[in-house]
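Chains here go by letter, A, B, C, D and E, matching the order in which they are written, and residues are numbered from 1 within each.
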Amino acid sequence: MSLLSYFSGEAFERGVHPASCKFTAGQSIKRMPFARRLVVPLLQHIGKPARSIVRPGQEVVRGELIAEADGWMSVPHHAPATGVVEAIELRPTARGPWAQAIVIRVHEAATQEVLWSQPRDMSALAPAEIIKAVQETGMVGLGGAAFPSHIKMAVPEGASVHTLVVNGCECEPYLTCDHRMMVEHARDLMEGIRHVMRATGVARTVIGVEDNKMDAVLALRAAVPAGAPIFVQDVPTKYPQGAEKMLIMALFGVEVPAGKLPLSMGLVVLNVGTLAFLGRLLPEGKGLTERVVTVTGPGVARPGDYRMPLGTPLSFVLDYAGAPAESRQVILGGPMMGQAIASLETPVTKGVSGILVLRKEEMTARAAEKLYPCIKCGECVQACPMGLNPSTLGMLAAKREYSVMGENYHLGDCFECGCCTYVCPSNIPLVQQFRVAKQILREKAAA
Amino acid sequence: MSATIEIRSAPHVKGGYSVEKIMRHVVYSLLPVCAFFVFQYGISALASMVVITATCLLTERFFVRTGTQSGSISDFSATITGLLLALSVPPGFPLWMGVVTGFIAIALGKALFGGIGFNVFNPALVGRAFAQAAFPTAIASYTASFLPGRFTEFIPSSLAWPLMIPPETAEWLKLKQLDALAGATPLGQWKFEGIVASAVDLMTSLGGHMAVGPSPLLIIACGAYLASRRFMDWRIPAAVISSAGLVASVLYAYNPSHFPNPLFTLFSGGLMLGAIYMATDMVTSPVTSRGVWIYGGLIGLLTVVIRYFSGLPEGVMYAILFANAAMPLIERISQPAVFGAVATKKARRSAAFSLETPASTLRESKDVVIPIKVVSNNQPPKS
Amino acid sequence: MTTAVQARNFDEFMEGIWRQNPVFIMVLGMCPTLAVTVSAVNALSMGVATSFVLICSCALVSLMRNVTPKEVRIAVYIVIIATFVTVVDYAIQAISLALYDALGAFIQLIVVNCIILGRAEAHAAKNPPITSMINAAGMGIGFTIGLLSLGVVREILGAGTLFGVSLFGANFQPWVIMVLPPGGFFVLGSWLLLFSWWARRKEVAKNV
Amino acid sequence: MSETAFQIFVNALLANNFVLAMFLGLCPFLGVSGRLDTAFPMGLATTFVMLVASLCAFGLNLLLGHLHLEFLRLISYIVIIASAVQLVEMVMKKYSPVLFRALGIYLPLITTNCAVLGVALFQTAREYDFVQAMTFSFGGGAGFTLALVLMASVRERLQLSNVPDVVQGTALSLMLAGILSLSFMGFAGLGG
Amino acid sequence: MSTEIPVSVSKTTPTVAMVRTLGLVSAVCGLIIVGAYQSTFDAVADNKRIALERAVFKVIPAAKSIVEFLVLPGGAIEKKVGASDTAVGALKFYAAYDDTGKLAGIAAEGSAKGYADSVRLLYGYSPDCQCIVGVGVVSMRETPGIGDKILVDKAYLKNFVALDVKLNAELSALANEVKTVKHGTKTNPWQIDAIAGATITSRAVGRAINDSAQALLPKLVPGLDKIRSKP
């Protein structure tokens, strides 16, 4: 395959092919009931935390604004369920430190219908108003980055964009939520695309979907409105095809210059799930109260894609999906870049695309793997999609030569996709070392 | 339940390769080669193989125990060193010299640098080069293969007293009335007597009584197994063989009477063993893509240059050692290009879309966008 | 008083032999150290020749230390050293041509042996003749010991002889590498390894 | 002794490499080979000085031979070479500051490098003519640079390795030089 | 070796002082060198003569004394006097005489590229049998244990008991080129049977003899009568 892709000319060069394990691809999206308590952290996105506008004891209706955006680099949050604000307190989060969150006790008989809405006539809105409306939905990148969507759409002064790239790759193994969204909500997606095209003023849209999801490709093509400049393109299945730069490479055959954003090439990249939700939320004037999450892994009895209210604690999700008690590791996101979490009280937030549960067996198998010094097999160099040299970087990291890593070996370009660690026969935790090194370099730069 | 949770860093899945697995499969792939070598030369070869490998393992164990180097015997790397060393010395190599060579290979070639993963030079070749310099006569004294009685009788030089000169095998052969078979290697015969052996015979090593190493054909087959399962980087042997073949062909075309035909060069001596098993030693070969080609090309070129123009008949070992020494330098000048570092707005590869002329480009016509993989009667409406 | 002087002289003498051994501790004068030590005799001759140059040069440098302006001191040292090297060169030719051939150009290269220039600059230029000669003699002997320890190993393994006397009988298999350049590097490297290992052991023992 | 210039060059570069086969210039070889950034300019500077020394020695030898003062050869070589290098350094400093910055700091180190005196002595002993002498010194310098650069790159790589403490330092450099020297033995007879 | 020679004139020390010191040093050193040179001159010359005689006597066993001759490019043979410069293109050889003063043989040097470096050797030529009667190595750097077999290998040394170097009828070149052949295939008296395993060095010896003899003998043999007896 590596040879083939080298000459076939469609994908980026390197990358890996982990077993896809997309067991839930054939099941339709299921609804998850409310947990007794929902926990809505004020910071679920990259940027500034939202400001809470409720107080403990206050009753909230599903869809009601409970925290407002604190400036441009922030998004509001809406009540995921009808109930009573129980507390605003520190709660465990996926990223580690505890953070402020609004805890809502859900009414026993609460309906999942979103009652709180302000329908608007989208065709009457100016582009800037659409972007404002996007911010009001509280939308962030649902692919996992959780970057506020309205900022991505706002084209800065002097720049111009021509193409909207919709990322439907979902290259992480196990995850199928985007896949199901594309199959089941193709119309919503098209609606979302239409609004965003107006908001950004792009001339066309290209939807990139990995070619292991041809049913999604067909569904999307069927949904493309007549005459719309919306193109659906299948791209080779390869990890990390879903990374913006890799997708752009696959679609347009160009590399985004190091240190630059796709915006510099006139491209806006958004995730399919984001657009599909926007397509529904914008005209209805609702906020984001739920999302689709893949709950899967060897440790889950009833895996599937669940539409779940934001703020649902993981313990509830795992109970509902049937994850047995001897499960050893719970990962938010996919197996390649996902975050292992420490507490099952961590809530599902806007950026969580999957919940992966691994069993004791997989864990002991990995624990038994011996750590060797780098034997310089070069697999990581062949796997790194960014064209770095993880082998040398790893050796430098072991000797704490962080500044050399940054200056001579382009550490800053690493986006921690995990390919190098995935292939490493010596079991060196390369990504972890790079994360530490980047952190130290950042601190050094700040000091 | 939360007590049983484990925190690990991403990624949470792993590819199927581990150091042990790679090394184990290299050993597996070496077994047929070793078996054939024993078939060719009988118990002397077997004894030499056992003694050298055992020495390597014991030395490794000693240095691991004393805390000088990392690694362990279970990673099979010392086994590989031992087997390769045994395959690259004559079958009648005195056993005591085998012990010295095996010790030097691990001590000087590996333990000195801190063990597996840190050595700069291929340990087997360090041992081999040491032996070549220390015992030049013994290491050049091959006997012919397929001698009668090879499974019951040792080649006398094998059993030389420690520190003593091994007895001449020529005398022994004369006693057995086989003195016509006194062994000069095909390369030696070419270099010193101008006799070019048949490439086909060399390739199979089955063409009668020849003083050759393990069969190149078998090595290629075993190497192909390793390469196909990605336990070996196929580009290195490819680079070595094509570069050696190219240089040899050019020289042959230039003066066919003075230089041997390229096939002879490729299949004689240790070129195949070196290209497939020694040059590909992961630790001592570059990790970068371009570096691998430069490295292999350098080995091929140097091998032919040393063979044809220097005083020695065989050059693979020195070529690889030299390339090992140059490896850090090669790697330094061949760092991979960072994604986007040399980016242009021009498409580097053929792609379905172009950036310059959105919405009007021809490439976005219906035929192009709809991929081959789509079942054709199910084309989406696009008008 | 005399004992104090004696003790100081003894210190001066021992400094070069042990504490600052030019070969093992300071790793100076590598070129002749490795090049001529293929046999014990060569090593000894080279050591003696170097010691001679060292002692004579230090004496002369020391004698002239008060009339040498610092601007031209190095030039003066080099001229003095080169003079005595020339003397040694002719002396060896007169004594034995075979030895002269064996040592080759390395007799003349004593000129650029950093031990001598180093001693002249660091010691002889600041001390009276007798002291500097004693110090130089210590250095010279230290250097000779260093050369000998290489020459002995290389001769025993490389030829099975010591000072030309056969040790293992006629059938000994010489380790040819020992008389070749790599052998020189390896033997000196091994000696240094041995010393460093020994020093570490001592350190560990002290700490315990 | 009618070696062609090419043979002399190849021999000095590889087969009889100054450092690895003839033990000349070991002090800078062990001292300056820690980093590639310094090793390469050092090699270039040494090559340059060797050419200068070779030139001086060639002229001087003609003069001494003419005057029958061969016994002054050594002393005059060392003085002339040292002064010539000093002169070159001053000239370089005045007329080519760029070159001086690159090579200048190494020049004083090299003046009494035994490879430099060695090249003068060997070319005299072998009775090379002018072209041969120049090729010899250039090949020797290039060989010195090659050995230095290889050594430096290997040592830089070893900085990232777990070399045992006992081995660290000169012992490791010597062992490395030994293995390098072993691998250069393959070139023996190449210039024939 | 990190030293430098200050050439520039410093302002602190008067030039006179420096010149005085340098002059003093030069004078002292000059004296020492000249003294050493003079006092060892005879011994060195003796040593060199003895070494040369020993080498020549080894290749021409009957010799008791030697005289150094030059063959000038024109073909004239003249005795070499002192350490004077040799004319360009002149070939040097040694005539060895037995105790009665009769010519016992001619010794000459030859050299050829061996395995590692040049092999320089001295060979003895007997005018009576027009053959080479002995070979000795002057210098070489061949691999010990392999190349240096040419000094000790008995079978190999037998080649030089009477190696044919007859000239052709015109006396312009050797009748048969001296050639080194593969071990065990010597058939003619002008061939050298190589040592198995040390072919390169064996060949170098053959080439050295051939090259030197080809150059020297055609000029030497016509004028041989002039040096039949010791001058």
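Simple rule for what comes next: a contact is a pair of C-beta atoms (placed from the backbone, for glycine too) under 8 Å apart; a residue touches a chain by one contact, two chains touch by 3 or more.
What you see is a predicted model; the values in this text were computed from it and never measured.
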Steps needed, at fewest, to go from chain A to chain D via touching chains: 1
Shared chain contacts [chain B and chain E, defined touch]: C, D
Of D-E and B-C, whichever chain pair has more C-beta contact pairs: D-E
Chain whose average C-alpha position is farthest from chain C's own: A
Identifier of the chain whose CA centre is least distant from the whole-structure CA centre: B
Averaged-CA centre spacing for the pair chain E and chain C, given as whole angstrom: 33
Distance between chain centroids, defined by C-alpha means - chain A, chain B (Å): 45
Chain A and chain E, separation of their C-alpha mean positions in angstrom: 86
Between chain C and chain D, centroid-to-centroid distance (C-alpha), Å: 22
Contacts with 2+ other chains: residues of chain A: 373, 392
Residue list for chain D, restricted to those that touch at least two other chains: 15, 27, 71-72, 75, 82, 112-114, 161-162, 166-167, 172, 175, 178-179, 182, 185, 188-189, 192
Junction residues of chain B, two or more chains touched: 70, 108, 114-115, 117-118, 130, 133, 136, 311
Chains touching one another, given as label pairs in label order: A-B, A-D, B-C, B-D, B-E, C-D, C-E, D-E
Residues of chain D touching chain B in the complex: 15, 36, 149-150, 153-154, 156-158, 161-164, 166-167, 172, 175-176, 178-180, 182-190, 192
Contact set on chain C toward chain B in their complex: 168, 171-173, 175-178, 180, 182-183, 186
Chain E residues within the chain D interface of the complex: 1-5, 7-8, 29, 33-34, 37, 111, 113-118, 200
Interfacial residue positions of chain A with respect to chain D in the complex: 373, 392, 395-396, 398-399, 401
Chain D contact footprint on chain C (complex, rising order): 27-28, 30-32, 34-35, 75, 78-79, 82-83, 85-86, 89-90, 105, 108-109, 111-114, 117, 180-186, 188-190, 192-193, 196-197, 200
